[in-house]
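Down below are the structures I want you to see.
Same chain, two partners: subunit A is paired with subunit B first, then with subunit C.
Showing the complex of A and B:
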């Protein structure tokens, strides 16, 4: 596998985390334009942990997830009463606030005669863990996809659990969910925290993949795209956002002649899908239909005479 | 400012060492930290740039020879959106000097990614502003901040 393909696949894997993060909030009926903030918090936290505090990568990723999740839960608390457009604007404002704070954030230490650490708008360079520990690009890609697979299994279990059903009920009608005895506020803070943790893991992986982060990486564009991935791919399953990422980065990237026009194509695709399929390609109906087909095929296979 | 007048001028950018100290690395190759001076200039083809990269050991200043260098680029403002296909740089006669031709997708600030393998394994990032007729480092961080209000 050549470096270019590894790079593209690694990017798809890492961006999938922030797409899944936005998807989790969409399940509870909230549109967030601010998941990039937790991606940034995770990236800086994990980067600081390995590059400055000499933590192992696993601990750094957990730290990134924890800071991302805790920040998201804290933001979730005051924004609980907000819905729809107001919630979206609040998350966008928070994300911009975080980005601007990172433009001011300076925390550098001298290591081996070199200043290491976040340096405001100049960013945070030298997150060299994978090079110092001789981890190949292919191995790191394997780590990204192992964590993504674990996350998908988590989503699979979540969607079959009472918690997952509660999230979807809140997303459909929060008043009705409350009447059914679901603690809406608590579930929403939990969803926000989990979504923040997911974005934090993605951020930690991104920082170590690129070895460099700066505040403008985490601007509103990333937030809009992460939301769009779910809306394009579909809200019926956690595979939906991944399909969205694949369409954007993978498919359009594979058609190099269109690469310069990708944002125009992608924007048009989002607009078209919102009209034709408002809940994305893999919406609940398609997922249910595919599930029935799979079940029928499985039953047929088991019943077939040997 | 006459942009075309600047077009033939080569812009030399010195990029600091992009390093961090972390856990003890086992291999010698992983211990060496690279420093790069990157100089790019536009070619006759749109969005195509010739880059000359001078690699040295960040600690000793010695030129880094016998490394395989690939040059890629990402756009910091659009993470993961533009995956410029990395190209292998060719070693020049001068020790530690390499040259590569990169094809970008649009003008603007790019993080030029220098991946070293072989005798030294490291990555150096150089942030450059690619314009149609020149390549320069982006304005310093201080100038990005809004001007102070003065009475």
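Showing the complex of A and C:
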């Protein structure tokens, strides 16, 4: 595989984490414009852990997930009673606050005669763990996709568990869910925390992939895009957001010949797609049909005389 | 003390541009219960049209103003046709994301037509600022404040004293019932969109004439400032939009004076977050009952 392709695929993998993070909240019925904040917190935490505290990568990624998840759960508490638009704008306001705080954040130490660490709006250079430890781009891509696969398995198990059903129930009607005995508040904070942790892992991977993070990467655009991925790809399955990322980054990369018209075409495409399929390509109905087809094929195979 | 009063005056003046932006936002949100993220970028289309005829043909202020409003209305109608009309009242999230997609489209289109980073924009009023005792008042700022208050009063009168306003309020109450009593809902919504975009165009013209330059960042700036002002003041309330805009301006100028420009935006978002958490309805708006939730969740 050439370096370009590895770069694009790694990028798709990393962005998938933020998309899945936004998707998890969509399951509970909340639209978040702010998942990029936890992506940023994870990126900075994991970067600081390896580049400044000499932690191993695995511990740094766990640390990124923990800081992302903890801060998301903390934000989840005051925003608990907000719904719909109010929740979306509150998360947006929080995420912009985080971005602006990182523009003020100065924390540098001298390592091997070089200042390393977050330097306000100039960003955080020198997260060189994968070079220092001779990890190739291909190996790092392998790591990204291994973690992504584990996350997808997690989603698959979640969708089949009581917890997943509770999440979807809260998303459908939180009052009804409450009446059915589901602890809505606790579930919502849990979902926010899990979503934050997912974004945090993605951020940690992103920081080590690019070796350099700057606050302006984590702007509203990233947040709305990661929300859009789920809506384009479909809200029926965790594969939906991945499909969304694939269409966006895949398409953007593939029709680069049209350079200047890229956003015009892509923007129009998304708008038209949403008219035809308001809940995305892989919406609940499609997933249900596919599941039935699969089931039928499976029983057919088992019933067939040997 | 003099600084404090002067800063407050400046804040009110800058705030009047936010109030103008919030007016159009409020009109769309009030009628559709949906967020049009493309609101700022549509104004930017008008701004680019204005600066284009200014640079190419040396058009006068009036022609430029007309071009900005016209461009904003055309772009606004385009957004309504593509993102809002086909989805009906039932798909709030999809409309919002779709309007974001069109945001990217409009921004790219504007950059494609005028690729340089900044373009000049004709000033509205040149000349020395007025003095009032120890305080300075810029003429263009005063015009902006007068326009904000005048247009807010105008919108309020249209909403509560005309048949069109009555139709819009009926749609706000219940779109289906409004349709059943013979109101042409689609036409009224389109009209509200066009009116909101025209308000945005006026706001955009006044802001740009004060700044005397256009950059591609203007679209995002307009959406954000309008959104914050609307949310602080109170969703769906015209006096709320004005109050929110003025308050945002005053808070921003003071925080810039005491803590520097980097803290300015931080304080604005902090204010928004705190208002949402403590009193989500904003200062004047309703508390977020079922009314404030997305239409999809209301169903």
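Observations on the structure shown:
Everything below uses one rule, namely that the second predicted complex is superposed on the first by the 301 of 306 C-alpha atoms of A that agree within 3 Å, B and C clash if a C-alpha of one lies under 4 Å from a C-alpha of the other, contacts with A are read in each partner's own complex, and residues count from 1 in each chain.
The rule we apply is simple: a residue touches a chain if its C-beta (ideal position, glycine included) is under 8 Å from a C-beta of that chain, and two chains touch if they have at least 3 such contacts.
None of these values were measured; they are calculated from a predicted model.
After overlaying the two complexes on the shared chain, residue contacts for A:97 are found with subunit C alone; subunit B is out of touch. Using the contact criterion defined above for the overlaid structures, shared-chain residue A:212 touches subunit B, although it does not reach subunit C.
By the touch criterion defined above, A:262 lies against subunit B and subunit C together after alignment on the C-alpha atoms of chain A.
In the superposed model, A:112 makes contact with subunit B only, not with subunit C. In the superposed pair of complexes, A:79 makes contact with subunit C only, with no contact to subunit B. By the touch criterion defined above, A:190 lies against neither subunit B nor subunit C after alignment on the C-alpha atoms of chain A. By the document's definition of touching, neither partner reaches A:20: not subunit B, not subunit C. Applying the stated touch rule to the two superposed structures, the overlap between the subunit B and subunit C interfaces on subunit A comprises residues 103, 121, 260, 262-263. Partner subunit B is touched in their complex by these residues of subunit A: 3-4, 7-8, 11-12, 14-15, 50-52, 54, 56, 103, 111-114, 116, 119-123, 125-129, 131-134, 206, 210-212, 214, 216-217, 219, 221-222, 225, 248-249, 253, 259-260, 262-263.
If you check the complex, the residues on subunit B that touch subunit A are 17-23, 25-27, 29-31, 33, 58-59, 70, 72, 74, 76-83, 85-86, 105-106, 111, 113, 115, 121-123, 125, 127, 141, 144-145. Residues 29, 31, 78-79, 81-86, 88-90, 93-94, 96-97, 100-101, 103-104, 121, 220, 224, 227-228, 231, 260-264, 266-272, 274-275, 278-279 of subunit A are the ones touching subunit C in the complex.
Subunit C makes touch with subunit A in their complex at residues 35, 37, 82-83, 86-87, 91-98, 100-109, 112, 220, 224, 227-228, 231, 235, 262-263, 265-266, 269-270, 272-273, 276-277, 280, 288, 292-294, 297.
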